[in-house]
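Alright, structures below, take your time with them.
Okay, so chain A shows up in both of these, paired with chain B first and chain C after.
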Partner chain A sequence: MPEIFIDGRAVQAEKDQTVLQAALANGIFIPYFCWHPQLSVAGNCRICVVEVEAKGGSWLDISCNMPVSEGMRVRTDSEEVRAQRKAILQFITLNHPVDCGICDKAGECTLQDYHYAYNGAPSISHDPKVRATKFFDLSRRILLDNERCILCSRCVRFTREISKSHALGIEDRGDHSLVRPAEDGCFDDDPYSDNVIDLCPVGALLAKSFLYKARVWYLRPTPSVCPGCERGCAVNLWHRRPEWQLNALDPRQNTAIARVTPRENPAVNGPWICNKGRDLAAIFERARAEQAMLKGAPVGLAEAIAAARRLIEAARHPVALVSNWGSNEELAAFKRSLAGRFSAAFVKIDRQPDPGERLEDDFLIKRDKNPNTAGARALFDDAPAALPAATDLVLVWGEGGDFARLPAGAKTILLGSYLAPENGHADVFIPVSIQTERRGSYTNFAGVVSTFEPCFAKKPAVADAEALFAQLGAEERVPA
Partner chain B sequence: MKHLVPEFERLKARFPAGFESSLVLPCLRRIQEDRGFVADSDIAGLAAYLGVPRIQIEEALSFYTQFRRKPIGRWHVQACRNVSCSMRGAERLIDHLRRRLGVAPGETTPDGRFTLSTVECLGSCGTAPVVMVNDAYHEGMTAEKIDALLAGLE
Partner chain C sequence: MAGTKLLMTFPVTATSHTLADYRARGGYATLARVLREMKPEDVTKEVTASGLQGRGGAAFPVGRKWQVVHLDDGQPHYLCANADEGEPGTFKDRWILENAPHLLLESMLIASYALQVRNAFVYIRGEFDLPYRRLAAAVEEAYGAGYFGERILGSDFSCDVVVYRGAGSYVCGEASALITSIEGKRGYPRNRPPRLTVRGLYQKPTVINNVESLANITGIIANGAEAFRKVGTAKAPGTRLLSVSGHVERPGVYEVESGYPFRDFLREELGGVLGGRALKAVIPGGISAKVLTAAEIEPLALDQSVFEAAGSTLGSGGMIVIAEGTCMVRLLQVMLRFYHHESCGQCTPCREGMGWMHRVIDRIVAGQGRPEDVATLYHVSRWNDGTTICGMGDAAGYATTAILDKFRDEFDYWIANGRSKHRGVLEVGNA
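And now, the complex of A and B:
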């Protein structure tokens, strides 16, 4: 463990660390654009410059590519370093349009932050800026603004080192250099392509789905777990801050998921997620079922719960199919309060892969497209090919129940969240909340438990499954 | 490109295994020499042959202006416009070429005979201004010498 001195402070560094890594690990910040902890060292942005002090004099060099050595002394904030950083930022913004006012990245832009922190001066160049393509379709999902690009090459290295699609490159040269996708369109087939949007330290790479949607400071990230497959990647769901609710425009914007970004979790997904995780709004924002029903006739929630209780009490061979989209807490509540009232309770597979969806790869995507199969299997058995013929009541919790294959004459209780034709056919239908409306945890395929937080309030007409199971299972009739 | 593979194999033997991407430039040069330009099918073929991602070949092609993705005229007239040639009248020569050929730099005459280009230093400053036609240097050029030169080209 070499000891090095950063700004005069003794710091213990790992043998194979660089000065930048040692500094960051010890809480000393050195700015960087092109360096990224998960990518190779490109060393092209030069902003991580530090001053190395030695007997024969001192010199400036980039810390991202400087291995530590015993007793070395570096300064991260000397007069020379500050002047050099300022000059580097002048170079980096030489052809940058500085159009922060209309740039989606404003507010979370590294270049913007560094400019205020380390430069703050207008451009000293008299030359007109180089014009380049704007609104270039990098893929079906991503727009590229070449004028904003600072050519850090993070996106290029991502496709070569992480997603392995080798889909991006830098074409031409000098100040005409352009990030471009390979002409055979393979970037469209990269299921991890959207990570380059987060990697981009400036506003060059933009999600088409988020373009001009919101200023990021009006949004709040709520920690959540992607339910798209059994990997259970940690994500942030971005939605309108309550203190910045929109009173004009469409009120649905206040309860919409504006975007999804990865939340770093080294045990599960590192700092990456797949594109399906970016499109969770497509799953969560389907038309919701918000009306309890008895055979399709609208009733109050309490009345539906009472009817369900009566059905459970009257049944001789009731069977439950529990959801593998239920949280561990809901599944435990079911086991605790309700499972004893059923002859059997089985795990149901709620969702099958969509047509054309990537089934599995050796990076993140897993074959089971449900978030909590492991958690459900820990408490309940897998469903048999056919339910026992004597079954006279089936409680179906969640999607994916095959009503055509239920035993003939069996009554049905359906707990669902989304509008579906079968809702109206169930003897009792009770609408239940979804992941974005409650707190809970999922257990992923490897046994890692991840928790998610609510972003939005549940509507009063929708039941919370955990409370519902207690009500359905209570010995005493609960007051309606 | 297929018929060049035996040549590429001989080139390959000169590199250690695992350095296939080092062959991109020599192979592209040979392809352009052979076809006159690098066609899209050549890029796909070379990527498959070398096992190099297509984007790396596209990067190399776009980095070097000497590579062409489209066919050009039978005679490629390249006029140097760097410092020495410019001081010795290259800009006037280029204007003369524009008028004579009726095309701007980067364009090909409608009959497909001539493509006019302006290039950076050709490394013959001592005999500026220099015009290169295909692989031949023509030194100390004047408008008259240009006219005589063009007249001799089919």
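And now, the complex of A and C:
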């Protein structure tokens, strides 16, 4: 453990660390653009300069590529360091359009932050800026603004070192260098491509799905878990802050997921997620079922719950199919309140892979496209090929129930969240809340439990599954 | 005659570059003796003792570079001859490649033996046509004669050489960019640490020497370090190949014994300044070397240490002689256009700075200079000093500030009057 001195403060560094890593690990911030903890050292942005003090004098060098050595002394805030940071920011903003006013990255842009923190001065240049491509289609999902690009090469290194698609490179040289795909359209085939949007320290890489949708300071991240597969990546769901609710414009935006970003969790996904995880709105924002029904006839929620209770009490061989999209808490509530009232309860696989979807790889994507199969299996058995013939009531919780194969004559209770034809065919249909409206946890394939928080309020006409199971299972309480 | 010669020791004829002629001059005898009689470490010891300095520009002692490679580290080692001669004004390695390719190859074999290199490379500038053909033919001849391949000349030593042609990038002449290019990647220089002698080509210890540096090895081993040190000066032994261009009567490649007076060299070898004009300035070692005014260079001896003391360098030996009447603003414009064109774009200060300086000088030349422009050129130069991955940003800055320091009046004149003090002349006539 070499001891080094950063700004005069003794710091215990790890043997293989660089000065930048040692400083960050000890709460001393050194600015950086191109360096990233998960990527190789490129050392090209040069903003992480520090001053090394030695007997023979002192000199500036980049800290991201500087191995620590016993007793070394560096300054992160000397006159020279501050001057050089200013110089680097002069260089970086020289040909950068500074179009923050119309840039999606504004508000969470490293260049913006550093400019305010370390430079603050206008450009000393009088010459026209170098023009480059704007709105370049890097892939079907991503736009590239080459004028904003500072050529830190994070995106290029990501495709080489993390996603291994080798889809990106740099063309041409000097101040007309351009990030480009290796071949037209090849970045479309990288299922992790959108991570480069987060990696980009400026607004050069833009998600088409988020383009001009919101200023980031109007949004708030809610910690959540991606339900796209049994990996259960930690994500942030970004949605409008309550204090910035829209009244005049389309109010649906107030309860919409504006974007999804990874939330770092070293035990599950590191700082990455796949593109499917970015598109959770496609899952959660399908048309919602908000009306309880008896054989397709609209009724109040309480009436539907009462009808379901009566069916359960009357049945001789009731069977339940529980959702592997249910949270651990909901599954436990089912087990606690209702399992004793059913002859059997089995785990149902709610969702199958979409056509063309990548099934599995050696990075993040897992074969099972449901978030909580492990949690469900811990409490319930796998479903047999066919339910017992004597079954006279089936409670189907969640999507993916195969109604054609239920025993003939069996009554059905369906708990669903989205509009679907089978809702109207069920004897009792009760709408239930979705992940973005409740708190809970999933257990992923490796047994790691991750929790998610609610983003939006549940509508009154929709039941909360945990409460619903308690109501359905209650012995004495006779509903109105 | 500018003193003793070590490389240009034979008359150039239609066949002087061939194996037969080279053998007739005693070629490959040194290799045979080395393989028979010397241990690898003895070769390195001899080269170290000779005090041979690198001829690519940085004048780093060749022996010290070799000593970093541990022969018993169990790893493959690589040797690359840097024949990517791209520094403007420099064309002296070209002379060796065209006229003495076997001298380079024999030297590379001796160096490979010293460093226990199994695979050696020559990275040759893509624009070099005749030099490439001569070198490729020489490699073929050498393989035919058993100087390369398995168990060379019956010894235990085996070595192969690959000639790799560059694709036209100045930066690929920088050692780390050169090996990155050999690896088939974009020719970006690498950050140090690690040094290339620790982790170079394919992440293995690699020695990269300039063609002229290597060409001296055969002579050093043949005649001994002692004999080599007798030539030239104590601080800079040996000779220098100088490629002289610009306003002189007889431009070309000259071999000059280190320590030979510049004044005599200009008058006797080069035939004086073109058209008998007065000398204005000299860029002594490729455009990245700081310009010296006539008064500064005239008393100097052509010795690396003397030029360093004078604040410049013999660098890569590319000497550009500038006659009185030349416009230094236009000269700097040409230089900055080059640096802008050749900046690889990897690291920020050079990528942005070269274009910036180029645009500023273009604007000055267009008559739209502003009083603060010279200060901007100084700023950009200083901000590139020691802050880039390779030496290119620094070099461009040094070259720029040297011209600004010494010929400031020409810049101020153009900015104030919108025109050149010297009618924008770069080419001076004979008369």
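Everything that follows uses one rule, which is that the second predicted complex is superposed on the first by the 476 of 480 C-alpha atoms of A that agree within 3 Å, B and C clash if a C-alpha of one lies under 4 Å from a C-alpha of the other, contacts with A are read in each partner's own complex, and residues count from 1 in each chain.
Definition applied: a residue touches a chain if its C-beta (ideal position, glycine included) is under 8 Å from a C-beta of that chain, and two chains touch if they have at least 3 such contacts.
Here the structure is a predicted model, which means the values were calculated and not measured.
Once chain A of one complex is fitted onto chain A of the other, the partner contacts of A:Trp59 are limited to chain C, with no touch recorded for chain B.
In the superposition on chain A, A:Asp184 makes contact with chain B only, while chain C stays out of contact range.
Look at A:Thr255: by the touch rule set out above, it reaches neither chain B nor chain C. In the superposed model, A:Arg46 makes contact with chain C only, not with chain B.
When both complexes are overlaid on chain A, the residue A:Arg173 reaches chain B and chain C alike. Of the two partner chains, neither chain B nor chain C is touched by A:Ser78. Of the two partners chain B and chain C, it is C that touches the larger number of chain A residues. Comparing the two interfaces of chain A, the one with chain B and the one with chain C have residues 169-170, 172-173 in common. Of all the residues in chain A, the ones that touch chain C in their complex are 41, 43-47, 49, 59-60, 62, 65, 67, 84, 87-88, 90-92, 94-95, 124-128, 130, 150-151, 169-170, 172-177.
Those residues of chain C that touch chain A in the shared complex are 169, 186, 191-193, 340-349, 351-356, 359-360, 363, 370, 372, 376, 379, 382-383, 386-389.
Put simply, chain A touches chain B in their complex at residues 160, 166-173, 180-184, 186.
Within the complex, the chain B residues that touch chain A are 40, 43-44, 53-56, 58-59, 62-63.
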